[in-house]
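Labels run A, B, C, D, E and F following the written order; every chain starts at residue 1.
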Amino acid sequence: MRKNLLKAKFNASEPVVNGWLHIPSTVSAEAMAHQGFDSLTLDLQHGLIDYSTALPMLQVIGTTDVVPMVRVPWNEPGIIMKCLDAGAYGVICPMVNTQEECEAFVGACRYPPATHGYRSSGPTRAKLYGGDDYGDHANDEILTLAMIETAQALENIDAIMSVEGLDGVYVGPSDLGQSMGHGTGLDRQEPVMLEAINHIAATAKKHGIVAGIHTGDPKYASERLANGYNYITIGSDFGLMNAAAKQAVNAVRAGESMDLEASAY
Amino acid sequence: MRKNLLKAKFNASEPVVNGWLHIPSTVSAEAMAHQGFDSLTLDLQHGLIDYSTALPMLQVIGTTDVVPMVRVPWNEPGIIMKCLDAGAYGVICPMVNTQEECEAFVGACRYPPATHGYRSSGPTRAKLYGGDDYGDHANDEILTLAMIETAQALENIDAIMSVEGLDGVYVGPSDLGQSMGHGTGLDRQEPVMLEAINHIAATAKKHGIVAGIHTGDPKYASERLANGYNYITIGSDFGLMNAAAKQAVNAVRAGESMDLEASAY
Amino acid sequence: MRKNLLKAKFNASEPVVNGWLHIPSTVSAEAMAHQGFDSLTLDLQHGLIDYSTALPMLQVIGTTDVVPMVRVPWNEPGIIMKCLDAGAYGVICPMVNTQEECEAFVGACRYPPATHGYRSSGPTRAKLYGGDDYGDHANDEILTLAMIETAQALENIDAIMSVEGLDGVYVGPSDLGQSMGHGTGLDRQEPVMLEAINHIAATAKKHGIVAGIHTGDPKYASERLANGYNYITIGSDFGLMNAAAKQAVNAVRAGESMDLEASAY
Amino acid sequence: MRKNLLKAKFNASEPVVNGWLHIPSTVSAEAMAHQGFDSLTLDLQHGLIDYSTALPMLQVIGTTDVVPMVRVPWNEPGIIMKCLDAGAYGVICPMVNTQEECEAFVGACRYPPATHGYRSSGPTRAKLYGGDDYGDHANDEILTLAMIETAQALENIDAIMSVEGLDGVYVGPSDLGQSMGHGTGLDRQEPVMLEAINHIAATAKKHGIVAGIHTGDPKYASERLANGYNYITIGSDFGLMNAAAKQAVNAVRAGESMDLEASAY
Amino acid sequence: MRKNLLKAKFNASEPVVNGWLHIPSTVSAEAMAHQGFDSLTLDLQHGLIDYSTALPMLQVIGTTDVVPMVRVPWNEPGIIMKCLDAGAYGVICPMVNTQEECEAFVGACRYPPATHGYRSSGPTRAKLYGGDDYGDHANDEILTLAMIETAQALENIDAIMSVEGLDGVYVGPSDLGQSMGHGTGLDRQEPVMLEAINHIAATAKKHGIVAGIHTGDPKYASERLANGYNYITIGSDFGLMNAAAKQAVNAVRAGESMDLEASAY
Amino acid sequence: MRKNLLKAKFNASEPVVNGWLHIPSTVSAEAMAHQGFDSLTLDLQHGLIDYSTALPMLQVIGTTDVVPMVRVPWNEPGIIMKCLDAGAYGVICPMVNTQEECEAFVGACRYPPATHGYRSSGPTRAKLYGGDDYGDHANDEILTLAMIETAQALENIDAIMSVEGLDGVYVGPSDLGQSMGHGTGLDRQEPVMLEAINHIAATAKKHGIVAGIHTGDPKYASERLANGYNYITIGSDFGLMNAAAKQAVNAVRAGESMDLEASAY
C-alpha cells in the first residue's frame, strides 16, 4: 500500500504544511497540489464541497505526492467512510467533544478487528490510489484527527486523546474562541487562548499524537510550529485567491508593482 | 435594458480594470466578483471553461455590478451567440487577423439590420440579466473586442479597426510576441514590441475605439493605462491563487509573515 | 449584514409569498427569482436537489432581492450548517415532532452563545452574500421554521413553539393528513384538518412566531393568509411547468387559446 | 431499429405537437416527456443546453415514447454528429440560407453512400436507444429539418427544399421577422409575414416535405395546423414555468383561483 | 402504479440476477441496463455515487424494464427517503445489526400508517416513474433488504427478520468475513462461513423473505441460487470493465484472441 | 517538459497498445489507466464525452504514466487547442481527406514559428501536467495523428502524409469500409480492405510516420502489429464493460464460471 507521507514526516519530527480547499473544482485542486504543500485538505464542512465534487478533487491530487485529506461535515459514519473509499488518506472530524464521539469517529475510519473499528469493507477507488493491498494496511496509514474546538472538548481532552486509534487533534481557533467567549477569528493572541492552544499541544505530546492547528498568517503558523505543533494549515485556495486579487486591483489603481511573482497567463 | 457599465467608463475616459477567470467554478467566479474588478472575463479559450461551466459563472457574476465578459475559443458563430444568449455583455475574440474575420466576428454579435449583423434572436437568459427589452438595445450595449495578436493582424490593423460595430481591440502579448519572433510572455519590454503595443493604442484612439491589453504585473498594467490603453486585465483567479499559495508555503517554511491580508477561514 | 427581507415583512404584518424549487438547475432557479415571489425555497427533501446542486442555485437567486431558503432533507446538523454556509437565509426542517428535536434543529442554525446554539463558524460563501459582518448578525437574520406535519407534533405544539430561537412553523398538509389518518394531499378541507390548521396558526400567533403552510391553489393560499397564516408557498417550478405544459398541449389539440401570457421564445 | 414515431404521424397526416426544452436538466426533461407532446426538442442554440447537458436529457426522454430532437447551435458537423450519436432522432438546423448550406447540413446527418452523406460511423449511445441495427436504418429514421428564418432563405426556398435527404423545414418567426424588417416576435399577424409563412407551407407541400413552425399561443398553433403546417412547437419548459409562476403569484395576491390543475406537491 | 418486477419473480420462485453500479455515470448505467440483468443496484455506499449522480442514473435505467435499486451509504432516513423519491424501487441498507436498526430502516421506506412507517410524502420523481397512484401502492412495491454482514447481525438474525415490512436480507460476504475473523473477500468457501451463509438463507426461508448475496464468480453465484438464495449480485460495471480491459491488453501482447464478443466500436 | 512516452516507444520500435474511452467519467478513466494500456484516448467524436467532461478525465489519467490522448469531434481549431491546453499529449483528428485539411489540423497543434503552426499560446493546465517549460517543447512532444477513413483520403495519402509536423495516421476501419462500399465494422478481412490497410502502413513507413488502427479483437490487433502497424487500439471502456456484463449474466443463468478474474467488490 502507498505509504502516508505525513506519517513519515511526523515520525521524523518534520513540520507538516497543509493547504486548505474551499473551491469545488478539480482545476484549483490540481493547481494547489503544485505549490509546495505537504498535504491538502478538502473542506466538506465549511468549504463549498460535498462528496460529488470531492471525489474528482481527491483523484487529481493523486497526480502528485501531496497527501489528500478531508474535513467531513459532521461526525457521521456514512460520509466518513465514503471519503475514505474515495481515497482520502486522512480525516479531520469537527466538533469532537467527548470520548464517545471520538470513539465513534475513529471507529468509522478503522476496519475490524481494530479497537472501535466498524468501517465497512469496499475501498473501490482507494485501491486504485493506495494499491491492491489497501485493505491490509489501511488501519496503519489512514490519519484520524479530531477537532478540539469547544470548551467541552478542552475539558475532556485527556479522555479524547486516550482513544485508541486516534492519530492526532486539530484546533479550530475560531470555534474554540467562540465557545470560550472570545469570539471568532484565527491567529489568537488572547493570553487565555494561547494558553489553551499551548495546553493542547503539550497534552498531545504527552499522548504521543499529532497536534495540528488552522492559521491565517505564515508567521503565526511558524510560531505554532516552534511551540509544539507539528501540523499547520496555512491559507485556503479561496482566501488566497481573494486576497491576491484584491491586492492586484488596488496595485493597478495605485500604479504599484506587486511582490507576487507575475501570475501565469 | 441594463446598461453596460464599461461603456460608461470608456465614455468618461476612466480606466477599466478587468479580471480573468480560468477556473470553471461558480465559487471562484462569485468570489472574484467581490474583489474590485470592473469586469470579469471568462476565458473559454485558454481557460478550463466551456459553455456548460460558463453559464452558471455568468449567472453568479450577476449578483454584483461587475460586467460579465467572455473570451471565446475561436471565431465561430455558434459559441459566440450562445455566450451572448447566456448573458455575456462583451466578447473578446481571439486571432482576428483580417477585416473579413473581424466582420464575421462582429456580425455574430449584432442583430440585423445592423451592418454585418446576423445574430439569431433568442436571448433566453440574457433577458433575465439585461431586461425584457434586451433585444431592442443589445446592439448598443454588447462590447465587441477583437484580439490583435499576430503580425498579420498588425499589418491589417486599419482594416480591422474600420469594421463597423467593432468596439475595441485587445492585445495578446504572448501570441503577438511569438508571431513577431520574440517568444511568449506578458509585460513585453522589447523596444519593437513596445512600439507595436503603443502603435495599437494610438491607432485605436484614431479610430475612436477601445484599446485593451493582457498584463501580468500591476505596475506594467498602470503604465499601459498611462500610455493609451483604457482597458487592462490583471491576473487571473488561477494565477493569483497559485502565486499566493506558493508564497504562503515559502513564508511558513521561512518563518516570515506575508503582506496579504490574512485570508479568511 | 444584508437584512433578511422576510423578517421585515413579518414585522410589518405583510404576507409572504414563497416559491418552491424541485428542479436542480440554476436556470429554473434564476428564472423563478424573476416571477414576483418574496422568497424561494430549495427543497432538498422531496425536491431533486442536494447540496452540490443547491449551492449554485443559492448563488443565482442572489442576483435578485428574493430571499433564498432551503428545506433540508432531515434534522441533521451537517446539512443544515452546510446550507447556511452556502448562503441560505432560512431553513425549513421536516418532521420536528418534539421539543428536543426542535432544540437540535434551532441550535444547528445559531452560533454560540445563543441558547441551544452549536453552529460551527465558517460562513465561507455566506459572507459573500451577507457581508463581512455576517458572523456578528447571522443569529438575528437567519430564519428557523420547524415543520408541523404529524399528530405527534400537534400534541407537542406548545413545547415545540416555546423553543428559544425558533422563528416559526411550517405546515406540511400532506404528511399531516397522512399522520392524522386522512391521507395525503394539499389544500385540505376536512373539518378536523382545517381545525388543526387553524389551531397551528393561532398557537403560533400566541407564541409570537410565524405560521407558514404549503398550498396548491392560489385561492386556498389567500384564504390561509386571511386566516392567520403570514407565510404561504404556492406552486413549484416542477408542478407549475408540468401543469402549464399539459394545458398547452391540450389547448393546441382543442384549438383553444391559453390564458397564460405567451411564453417567451 | 426503433421507428421514428414522427415519421408515422407525418405519413398518416396527423399533426405533430412538439415541446421545447431550454432548461439544462434531466428533471425538467423527463417531466416534460409526460405532458402529452409527440416530440421534445432540446435547444442547443438559444436554450441553455450544450452537449454535456443534452446527453442525459436525451437519455431520460427515452423513458417514454416521446421522440427526442435537437436544435443544434449552428450548421457545424461536429455537434450535429455528436447529437445523433447520443440518440437524437431528428435535427433542426438554424440559419439554412442556401442550397449548399442545406446539403452540408443534411450530409452531416446521413451515412454514405446516401447523397451528400458524410456522417461518420460510431452511434455509441444511439444503438442503445435505437437498437443494434441502428447503422442500417438511421438514414431512413433520422429527421432533418432546415430552418427557414431569413429573407435569403425565402428567396432560395425551392433550392433548399430540393436537397435530397431533407425531411422538412422549420420556421423561426422571430428571426424571419427581423430579417424581413418587421422585428422579432412569435405568432406573426403582419399580412406580409403570414403570406411568407403560408408560402413556406405550400412550397413544402409541393416538395413533399414537412412544414414546421415555432409558436407561442395554442390557438395560433392550431391555426397553423389548419393552414398547411403539420409540425408545431408550443411553449418551452422555461417559458411555461415562468408564465405559470407569475400567474400564480398574482393570483395569490389577488385572492383568485387559478385554472391550472393544482400543481403537485 | 408500475409493478415491481422483482416481486413477481420472487413470488414465482424465479432467480433474480442483479447488477451493481460503482461508476457515477448515466452512460454506464444505461448500457448496463441492456445486458440482461433483472435489476441494477446503485451503490451509494462503496460505489463512487452520491445522490446528485444517482438521480440521473435512476432516470436512465427507467428506459428499460430493469428494476432500479440503491444501496444507501448508511442507515439514515434522509438519504433513504431521497432515493425513494427519486424513483428507486428497492433499498439495500448496510450494517443492520439489531431489530431496532431494522425497524428504523424499514420505517424510513414505508408511509404511515404502516407499522414502523415514517416516510414523508412527496414522491416527486417517483410519480413520473411509478405513476400518479404511487403514494397509494408504494408500501407494497418498494423492496427493503437489510444487510447481514456482522457477527452481531447473525446473532440477532431472527429478531431482524421478524420486523414487519422487511422484504429480505442481503449478505455482504466481505464485511461478514471480516467481522467473523476470516478477513475480507467474496465467494467464501470457509466451512464456518458457508455454514453461516446457508443458515441465513434457511432462516430467511423460514420467515418467508428474500435471501440475497453479493458474489464475484458466476459459478459461485449459481451455486448460491441452488442453495437457498433467490437474489444474487454478479459483478459491477467497474469490476467487469477493469477485468475485461486487463485481459484485452494481455491478449494483444500475447497475440491471443479473446472470448468476449468483439466490443462495439 | 514531461516526455511523451509514446514517442520513445515509437523510436524504439515497440508496439503501442492504446485504450479507448467512451464513458464521460473520471472513475472509469482512472480505472482504465491501471489496466496496462500505454495510452488512453478520450473519444470526443463518437464517445459520449465533450470538453467539460474530458478535462477532469485528462487530469485523472495524470495519476499514472499512461499517455493521455484525445480524438476531437471534428477538424476545428477551437476544440483542438482547448484539448491541448487541458493536457492532451496527442490528438487524433477524424476525416482528414486532403493535404489542406491535414495542414489545418497539424497547424492547430503547433506553435509558431513551426510550419503551418498557428496554435495560440496559453497552456494553462498543460503546464501543470507537462511542466513549466511546456511552451518550449510542446511542438516536439505532442502527437498529431490524422485519420484515414475515406476513399478520398486513400487517394490523397501521399499528400496527406507529406505534411510537415504530422506524426502519424490512424485508420478508422468502419468509416473506411463504408466509404469504400463495404459497410461498417472493425477487423476487416475483405481482401480489398486488407490491401488498403496494408498499403496505409507501408506508406506511413515510407514517410517515416506512425501507423495506427482501431481494432475489436486482440488477435486481429496483434496481427496488425505484425503487419506494419505500431499503434493499435483495443476495446473501449464501454464495449468491454458491456461484453463482460453480458457474459457474466449468461454465465450465472447457465451455471458456468467465467474466465475473467473475479471482478473486485
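As a convention for this text, a contact is a pair of C-beta atoms (placed from the backbone, for glycine too) under 8 Å apart; a residue touches a chain by one contact, two chains touch by 3 or more.
It should be emphasised that the depicted structure is a prediction, and the values quoted were computed from it without experimental measurement.
Any chain bridging chain A and chain E, meaning touching each of them, is among C, F; the list is complete.
Two copies of one chain, chain C and chain D, form a contact in which over half of the residue numbers belong to both partners. With respect to chain A, maximal separation of chain centres occurs for D (centres as means of Cα atoms). Taking the CA centroid of chain C as reference, the farthest chain centroid is that of F.
Each chain gets one centre point, the mean of its Cα atoms, and the points for chain E and chain F are 37 Å apart. Once the centre of each chain is set as its mean CA position, chain A and chain F turn out to be 40 Å apart.
For chain B, residues touching at least two other chains, in rising order: 22, 24, 27, 31, 34, 46, 48, 50-52, 55, 76, 79, 121-122, 124-125, 174, 184, 238, 264-265.
Taken pair by pair, the chains that touch are A-B, A-C, A-E, A-F, B-C, B-D, B-F, C-D, C-E, D-E, D-F, E-F. In the complex of the two chains, the chain E residues touching chain A come out as 22, 24, 43, 45-48, 50-53, 72-74, 76, 79, 94-95, 149, 172, 174-175, 178-179, 181, 184, 238.
Chain F meets chain A in the complex at residues 26-27, 30-31, 34, 55-56, 59-60, 62-63, 121-122, 124-125, 127-129, 264-265. Residues 50-52, 55, 76-79, 81-82, 85-86, 111-113, 118, 120-125, 135 of chain E are the ones touching chain C in the complex.
Those residues of chain A that touch chain B in the complex are listed here as 17, 19, 22-25, 27-28, 31-32, 34-37, 46, 48, 174, 184, 186-187, 214, 216-219, 221-223, 225-226, 232, 234-265.
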